[in-house]
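In the part that follows, the structures are each spelled out as structure tokens.
Each of the next two complexes has chain A plus one more chain, namely chain B in the first and chain C in the second.
Up next, the complex of A and B:
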């Protein structure tokens, strides 16, 4: 009882102090406009687009004719469109997408894919795509391999084998099922999302920020620095390895990266699916009059400019990323620096103004 | 704006400190703040914690590819014919052992895990996490014998002795007036101290000062993530019980026994939730995932060795059973099922925060 009283006293005291603290950002700045814009005009339409691209892929696959090059090309083109539209949803790995029965990100885009595991699964014909050990043998990266890893003539021969066709079908259906679940769940999750105010771990602000940061770091590290030889582990450089790029076999690494950056930029700016610029993180940072510690001046504009600088850097390459790495293009280092420069702007500056914490944890030492 | 925010947080902090210290004045003057009782003695428990430390250090060499000698490990476990080398035993060889204090049902199980580990260290091979950071030795079904042995002993020896044996009627209904011959404590005081010793906590251990704990004292920190006040509650209970024994107030002592058992139980619960959550985070990396699942399984198994456990042995088996018999094929849904079963058994609604 004594303890309860003591606790209550502290709580009451804390409450009274917070309420007479009108300058505290969280008290007078709400985020519901940001959440509504992000949910209604970015997240929900982006999932719908990815879902519809998967349906189109399925439709092309269902009428696929292994005797026609045009049929393969149609399938390949639709795969590329689907992989590009995936980039617009990868940053929303929370809520329905993070449900344990879904885990959309891991199931749809674990790369580099494990070619020998894919071939083993096809050969044995018995595989369970729900098992985590198969994450690296399914999803878009697996299709990237199965639909692009060799010449079209050889692919047509391969794809006349029903066990291969069955595997591709299973991979597409698996993604369709998961995305369908996410799309349906957002019907009810939308209300939860726009109302989860505050800045604790489960608040929408924290979820949105953390998945945004994680997705950006994936672009910076796994999609670029790691294959290009600019990543380190415990401070020790990791040698370049162009086989670990995203979209390795379709050779669309830069396109995928740019689509991913463009999607993040839209979330940041609050640009909706209809192209209308609404409330984004940019507007919130402006309201705070946030200042950058990385460059002088306004943080909101600095991040906007750095997104543009990164996309500009990528647009200048003439070959695919894998070939640029192989040819030791000297500009890669500069691009890596441009991508790196955005990290502290997001992870330190933006995070501090939003008053959220980084929730990804490091493994403990045992 | 930021400055104002800071000022307010200082004021708030200050008032919390102020009010807390106000509250403490209400406490009975004869209940100390720490377990720093003048005649407390649990050197035997400290010795056993050090035995496990050296044993664990040897087992972990298997992760570097070393061959493990089962005969040596069993000699260490029983402290029979092994010469200890760690600093803790620089002053002399230990006289205690871990095996005889392990729950009778588990002694053979520990030894068979030792045999399995020794065999794997010759015929198996270690695997490394995708980031290259962690290397462990697993059996063919993804279970990690080292974790099952070490954390298993934490459960079936330390936790069993601390929550069940030394707080049992037969250890508590003993002499509490005359001192043990040649000692400055009574038998009852000593038994209570021995239970405390198995916690591996420093005398001034508290939620605000969690440094220096070993084994259960170290894993106790996992309760903080979930917002539990286990550390303070458990220390308060140990201190209150020892004070009650000093005052020959057996009603208060028995209340404290119930509290020690209930609060200590939350350490394996919180640790298991922590590692199950971690296993889901690392679900795609079999090495990290199976390591964390092995830790979690050992912590869940420990729950059986509390004589006033909130879960039955069959519930414990069901929670572990949710993970299946082959960790290489476990799905995130199955791991989540184990989390749900465990959290529900303890009315925990924020399992993801551990």
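Up next, the complex of A and C:
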């Protein structure tokens, strides 16, 4: 009896300190700094920047003069700036942006765009940009087509047609309305986001992690592997097709891809809009002394270095992605490998240390 | 039962013990607890939306070997199955149409578990087994609606064997969970406990303890000792109460720290079975008094004690069940390689919360005619849970490759080559290539023999 009691006492003593506050098992005092930095210095300013770029685009469009090349060039430049600033918000497809009435990602950047659908819409003059079937005929990829698909001279001729002008205007206004909704909603959602602790499906950690991973996988697959011929569609290997790159007509696929990776890297490092390096996932992994299972050593640095390696690989190309694919550049497969190497670091190692669960179902160990 | 060695005295003693008379009260209390726990678990499962996410959302399902033919029933069918599970579990608790309810519950529950192997949990296997045993036990012959309907079936006493079987089954879960922990990772490296505790380092007050290596060792060793010994303490009159207190604490703490759902509660309540008939008798009388019903007096004559040939048959089946349960967890010894790595013979063996394993699986399809090769987007075939489970288990990797091959062939690509580049990390070690990436998985057949395309740990 004594023995058992002693055994019981040891167990109780050793383990009881873990049950002192059963009401709040996941007190995330240490995560709120991450959420605050991400919301206040990354997410909210990035949306504001995208919103102001859209306004500038609208302003340039309002004064657009179809008889002047400079006017078109100004519009084109502002479009490029807007498409680049979109890359900084695409990773935040949760909360207000994922609201059913907004669906920012689908509405702003469904590519490849459907050229014939756009032309049909313009021709008929009656179109409803809210219906899902028009996702592929609107947003930034549609503007990419409408503002870049042919020579400037021909574009100027096209853009003197009022139905075309109306369509472009509708596309810009649609994005403006949605982003405005998101920016306003973040005013109140910010408090929710900063406080949603824990690691279940609706926690901020889980949302942030899952959209981060999803956005990265979109870069890897949709922006790179699919056009380059390294992917399958429902298992069927797809031939390289340079017409499905992002920013096809403005020929800025690599710039967009790099901007997207740079934005993800900033979220990861916790680099704010003001350029100040605050608390990011990197700092959290350092705090946990997380070890990589993919390469030797520390996980936080391994991910940082792999982001750098991916961006380095992209920077070495001399032409745009579309042309590199056409020329069958052998380096494309190396870039593909570099992008692939980051997947297990995020999907397994980072997830494991952040304790973000894959699903909500019960477990009894792996 | 002729073994050639003379076990006769032991055997006779055991047999005499198994067929000795005992109070029905523990069995009846067990029935009520089991019924209500299953009812609550099913409700919880439904409320969490898992019927939809586990049985309706997936486009493809992973099968148990030999159970390829088990398919989900579609929306109406699956909800109907769960409605029937609710009704039958309630019937078990109330002792209403008990025989019919237990058989229905066992079949339906097992059916649901067989639909997709990626949902496998030892807890579910445990429930299937208990439900199976309950089909044969006279647990409705007291404190039940069946007795109210037909007082002739009422009994105060039954043979010992039903209670023996249930205690054996409960004890097995703990004991084998303990045996499974007797490995170098668990005992000498405190793995994966160190990883699990590390992930909770941000907890208030105790968080800093969790990063201490000795705490991880403490948890590992105590968990192992607890699992190995608790059932033996529960069997003794003297140590029963303290052992039970430790058991309750153990389950509360693990339930609090890990996402293991209803399991702690089920174990805490079902292990009450180890308490004395007296204790259960008092419980039964208490329930009667709460219900304002008089305690029924049963008939003296007891038809439930079997004799002669019938008893021999029963003894044979009980012995067969016990031996099977004792031997089956050791089938892994028939396979070469590291059990945790290959998972050949891993399931159905009470290996609970034992390792931290994660994988990343890249699948590639090659068209042999054009030579064109591409990476498969796993999310176009699998749910995140399915993908996660598949990535660390060779038999599921093979099944997935064949799901891809089948899909691709149906779209007109003949004889696709399917390769998989899978990286697995086990207990925090460096990721390693898990299976031979050159093997065309589309060509292989699944079997229970050793899979020689699994690489070494």
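Please note the rule applied: the second predicted complex is superposed on the first by the 325 of 366 C-alpha atoms of A that agree within 3 Å, B and C clash if a C-alpha of one lies under 4 Å from a C-alpha of the other, contacts with A are read in each partner's own complex, and residues count from 1 in each chain.
Note that in this section contacts are C-beta pairs under 8 Å (C-beta built on N, C-alpha and C of every residue); 3 or more make two chains touch, one makes a residue touch a chain.
Since the structure is predicted, the reported quantities are computational estimates derived from the model, not experimental observations.
Visitor: Looking at the overlay, what does A:130 touch: chain B (first), chain C (second), both, or neither?
Guide: Only chain B; A:130 stays clear of chain C.
Visitor: Does chain B (first) or chain C (second) touch A:229, or do both, or does neither?
Guide: Only chain C; A:229 stays clear of chain B.
Visitor: Under the stated touch criterion, which partner chain does A:243 make contact with: chain B (first), chain C (second), both, or neither?
Guide: neither
Visitor: In the superposed arrangement, which partner chain does A:110 touch: chain B (first), chain C (second), both, or neither?
Guide: First partner only.
Visitor: Just chain B (first), just chain C (second), both, or neither: which does A:201 touch?
Guide: Touch partner of A:201: chain B, not chain C.
Visitor: Is A:344 touching anything from chain B or chain C once the two structures are fitted on A? First, second, both or neither.
Guide: second
Visitor: In the superposed model, does chain B or chain C contact more residues of chain A?
Guide: In the superposed model, C touches more residues of chain A.
Visitor: Examine A:162 and indicate which partner it touches, taking first as chain B and second as chain C; both and neither are also allowed.
Guide: neither
Visitor: What part of chain A is shared between its chain B contacts and its chain C contacts?
Guide: In the superposed arrangement, which is not itself an observed complex, chain A uses residues 5, 10, 14, 17-18, 21, 25, 233-234, 361, 363 for both chain B and chain C.
Visitor: For chain C, which residues are in contact with chain A within the complex?
Guide: Going by the criterion above, the answer is residues 48, 50, 53-54, 119, 121-123, 195, 198-206, 209, 215, 218-219, 222, 225-226, 233, 238-239, 242-243, 245-246, 249-250, 252-253, 256-263, 351-360, 362, 365-367, 370, 372-377, 380-381, 383-385, 388, 392, 404, 407-408, 411, 413, 416, 423, 425, 428-431.
Visitor: Using the touch definition from the top, list the residues of chain B that touch chain A in their complex.
Guide: 1, 4-5, 8, 11-12, 15-16, 19-20, 23, 26, 131-134, 278, 280-284, 286, 288-289, 328-333, 335-336, 353
Visitor: List the residues on chain A that touch chain B in their complex, please.
Guide: Residues 2, 5-6, 9-10, 13-14, 17-18, 21, 23-25, 100-101, 103, 106, 110, 128, 130-133, 135-136, 201, 233-234, 361, 363 of chain A touch chain B in their complex.
Visitor: Name, in rising order, each residue of chain A that touches chain C in their complex.
Guide: My answer: residues 1, 4-5, 7-8, 10-12, 14-22, 25-31, 221, 225, 229-239, 288, 291, 293-294, 296, 340, 343-344, 347-349, 351-353, 355, 357-366.
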